[in-house]
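Multiple structures follow.
After this come two complexes, each holding subunit A, first together with subunit B and then together with subunit C.
After this line comes the complex of A and B, so read on.
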């Protein structure tokens, strides 16, 4: 597209992309390799193949308890965040009102607040109203942090909708509720599913705020933080690899649902 | 439109508003009140006392940590932006549509991996007898000390921020008018000069915002400075976790947190003002 092409410079630029990708993905790939390695402190040359770390986490009841907490939190957070996010996205799509920028700021700002500060604020507040130290407190906190993502995903889908579609449904005699049920929700369905899975994936990996507020009912990522603080243990890698595979499965499912051909805009 | 909000509109707009007011804005506002509370006999009690502010602000440990955190986060924002830019530029200007889409997809993947696991993995790579040093040893170099110092911290920050910064830079570069670039070339403007005088100014807002995100994330992160930087001397976020987890001195942690928020707001406003300032003034 541009006039001057210099193969040397283009080659160097592509090399730079590759180096950035190597930097980003080496720790991720490394964690997979270490999880299947017999060494406690892996170094070069690598030790032998071993599934020991997976066996250890399989037999650890605390890991299982954490896993079920994570699953419970993730499912509740996905439902809550998607409901809240849908409402927010539809409000932004449909209405103009006084104070709308404030409404949007309040809805979308949580991810920009550092997690330690969120964690401290949540802990101080929730313990005041006797809600801290249990699974509900993690769900509340993750609801705050995940709903902006759900809102963004659903808002994106709504912006692909012809705004006249809704008016047409009203002209045909459907009231707002009927139109919502038969026009808006079917149209945004792929985005709703995507939002469910993505918010669940975000909640699955969140450890800092959960660590502050969860008390004894740790989720799996909080457990991992505990392993990291205690003795060195490649169990982290095994848990991380499994969590990564499940997160990626969620994303792939979300992607497939987003591409659902029958609801594609023409 | 209608002046009185209908039941229908409230059904959809209110739940999010109420949730974020009750569980986001209110807890943050509560931090302000908390910072004036006092602790007696290991019990927090509502009060209006500036003792926490005085105690924290009169400690040199706090100010050391404050300026170290500020320096580390600024260094992180600048270094990561500079590292990311050639990659973003190449992705936006040199790759085909298909390759561009793939690259964006690949750069999103790290967001769904656990940051903790990546940091733990980096420990294995960077430690004194770790993989990187063993590899350098084969080449007859090192060993270098890469863990428990600022290098470790910054490496961790980069793991956290680099994918996001590249993505944000790519999105802003994608909006640069290609005709401008073409025009610059037609007028015999050199490659580097085109980048510096045409592309960067027209993508300025996005580039500054990307750097701002790196700053915000690094400023608030406690994992990298703790597990890769060694945690001693602490950063502000480590201070907050230490104070909170080691007892009932939450009011003091609130002072540190509020100072962080004030700093972040100042930096964010300055950056946004700079980003949207008219070119050439």
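After this line comes the complex of A and C, so read on.
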């Protein structure tokens, strides 16, 4: 790794990064430490080491139900959002049409809408079409929120593609669908995988919209709020740690996939 | 059937909105011919090629391939493979898989596919790289992969869009001989688009010169070089000294042309008929003009002009001059021949040339 040539600036930059990382990770690390602490309340000095809280959530059917909901939603959302995102990105890559900037702005808009407004709007809309309070409603809402992420990732990859590549495949005898299968998808494959994992991670952690639309089929983050409202239990630390480990794994996998796009997909 | 041309452009027009990219292209390409389409960027040469490949549809007119109209037929249903300027090799496939691609599209069984691809890799001398990724190859090797990939279906015609423009000078010359050798051996038609005169003239049987969507001249390199049809072609080939005038007297041997400068003599052209008094334009190649000090006696054509500047790099020197009437002249000479004259900006010199070095432009 190359740093700044001035050792003072270099040192300060490194210090800055370190402080940022500490700022971000201290609460998470704290939560992790307290999840393994036997005391009822998170306070210093620490009590003894204990896996009691993990055992409690392991035995709690409500936590499991929430976890499975989250997983189901995440998997469906990843598939739907990546498909939509791919379509959006490919449209941008392939076609020139009137109002394209507007199309792009609208397609990439959802993450900029405040989640509370998004959640309310989703609830209002979905209840009108009788789809609220359902796992499907969470999937729809998260699909809307996540597809811009998938689109951005796949668009980036498509922008690295030689624009002649697709026409070359047509010229060599592949029609548009065959070319899609043999050229466009293989080329964007790393980005497609990355998009699957990122959208899954986003859906996994999303709370506000899920809270509005999930009804009785709560996802894990919504369940956590339920716990907090009832009683402060170190079980939350345990759930938080597990949720953190799973999301960060998705992100890490996505990063690895995006890092080496020229590697030959099998 | 063999007498029908492989390609016939029948009054083809291509418009993009209000912009006319190709204007009434009307020519034929013979079987087994190496045809180069040459022009500067934006002249419509690539559009012409892309229409033949099926990547653009003509706005008007018909394109016939092998006697059959192919307008509107998508590129994947024609067998008109193209070698791209960017090469457009598939980066996620190996060399072998790249070459096999069009066979795979045609559902050729795996074993045969492999066999045929390897034959072409071998023929182009890149068999040893068959299992490599494209990123591991040099520019020249990639070029050969692109050729093999297009030739593997053994098409009747191969389209090439400035395929050598990314290569360095040495490699370019080597690939030129690979290409012309290949074309002769295979006996198939090559349509080669380029902006480089040296590429077009060294390889092609016939050259099409285009400018601003129009075909300016079609002919063998020799014909074009010796007898440019109009001032654009003359300028394009570097014989940029064009004079306009009227035919004063047309003898059997000598024509006398009256211009704004003075009257010039030129050797009567055999293939051009003009009546006395009609406008005539003629070109003099910059290599055929010489410079002398004012007052030097001279029997041929001569004109006084002022030196504007010069370029003295390379094997020959180019001197730019301007006549009193404001016409620009370009004279190209070896350094030795210019030793005797004083070339400084502002210096007046005598520009002279022989009557037989004047070429009447029939298209003007």
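Remarks
In this text, the second predicted complex is superposed on the first by the 241 of 266 C-alpha atoms of A that agree within 3 Å, B and C clash if a C-alpha of one lies under 4 Å from a C-alpha of the other, contacts with A are read in each partner's own complex, and residues count from 1 in each chain.
Note that a contact is a pair of C-beta atoms (placed from the backbone, for glycine too) under 8 Å apart; a residue touches a chain by one contact, two chains touch by 3 or more.
All values reported here derive from a predicted model rather than from experimental measurement.
After superposition onto subunit A, the modelled positions of subunit B and subunit C are compatible, with room for both.
Using the contact criterion defined above for the overlaid structures, shared-chain residue A:83 touches subunit B, although it does not reach subunit C. Of the two partner chains, neither subunit B nor subunit C is touched by A:61.
Using the contact criterion defined above for the overlaid structures, shared-chain residue A:230 touches neither subunit B nor subunit C, since it reaches no partner. Partner contacting the larger number of subunit A residues, of subunit B and subunit C: B.
Contacts of A:7 after superposition: neither subunit B nor subunit C is touched. In the superposition on chain A, contact of A:41 is made with subunit B only, not with subunit C. Of the two partner chains placed by superposition, only subunit C is touched by A:167; subunit B is not.
Of the two partner chains placed by the overlay, only subunit B lies in contact with A:147; subunit C stays clear of it. In the superposition on chain A, contact of A:99 is made with neither subunit B nor subunit C. After superposition on chain A, the vertex angle at the CA centre of subunit A, spanning the CA centres of subunit B and subunit C, is 100 degrees to the nearest 10. The superposed three-chain arrangement places the nearest Cα atoms of subunit B and subunit C 9 Å from each other.
Across the superposed pair, subunit B and subunit C touch subunit A at no common residue.
Interface residues of subunit C, counted against subunit A in their complex, comprise 53-55, 74-76, 79-82, 84-86, 88, 90-94, 101-102, 104-106, 133, 135, 149-150, 153.
Per the touch definition, subunit A reaches subunit C in the complex via residues 162, 164-165, 167-175, 178, 182-183, 186-187, 189, 262, 264-265.
By the touch rule above, subunit B contacts subunit A in their complex via residues 1, 5-6, 8-9, 11-17, 19-21, 23-28, 30-31, 34, 83-84, 86-87, 89-91, 93-94, 103, 106-107, 109-110, 112-122, 124-125, 127, 129-131, 134-135, 138, 158-159, 162-163, 166, 178, 181-182, 185-186, 191, 216, 219-223, 227, 237, 240-241, 244, 250, 253-254, 257, 260-261, 264.
Of all residues in subunit A, those touching subunit B in their complex are 1-4, 6, 9-10, 13-14, 16-17, 20-21, 23-28, 30-31, 34, 41-44, 80, 83-88, 90-91, 94-97, 103, 106-107, 109-110, 112-126, 128, 140-141, 143-144, 147, 151, 176-177, 180, 201, 205, 207-208, 212, 221, 224-225, 228, 236-237, 239-241, 243-244, 247-248, 250-251.
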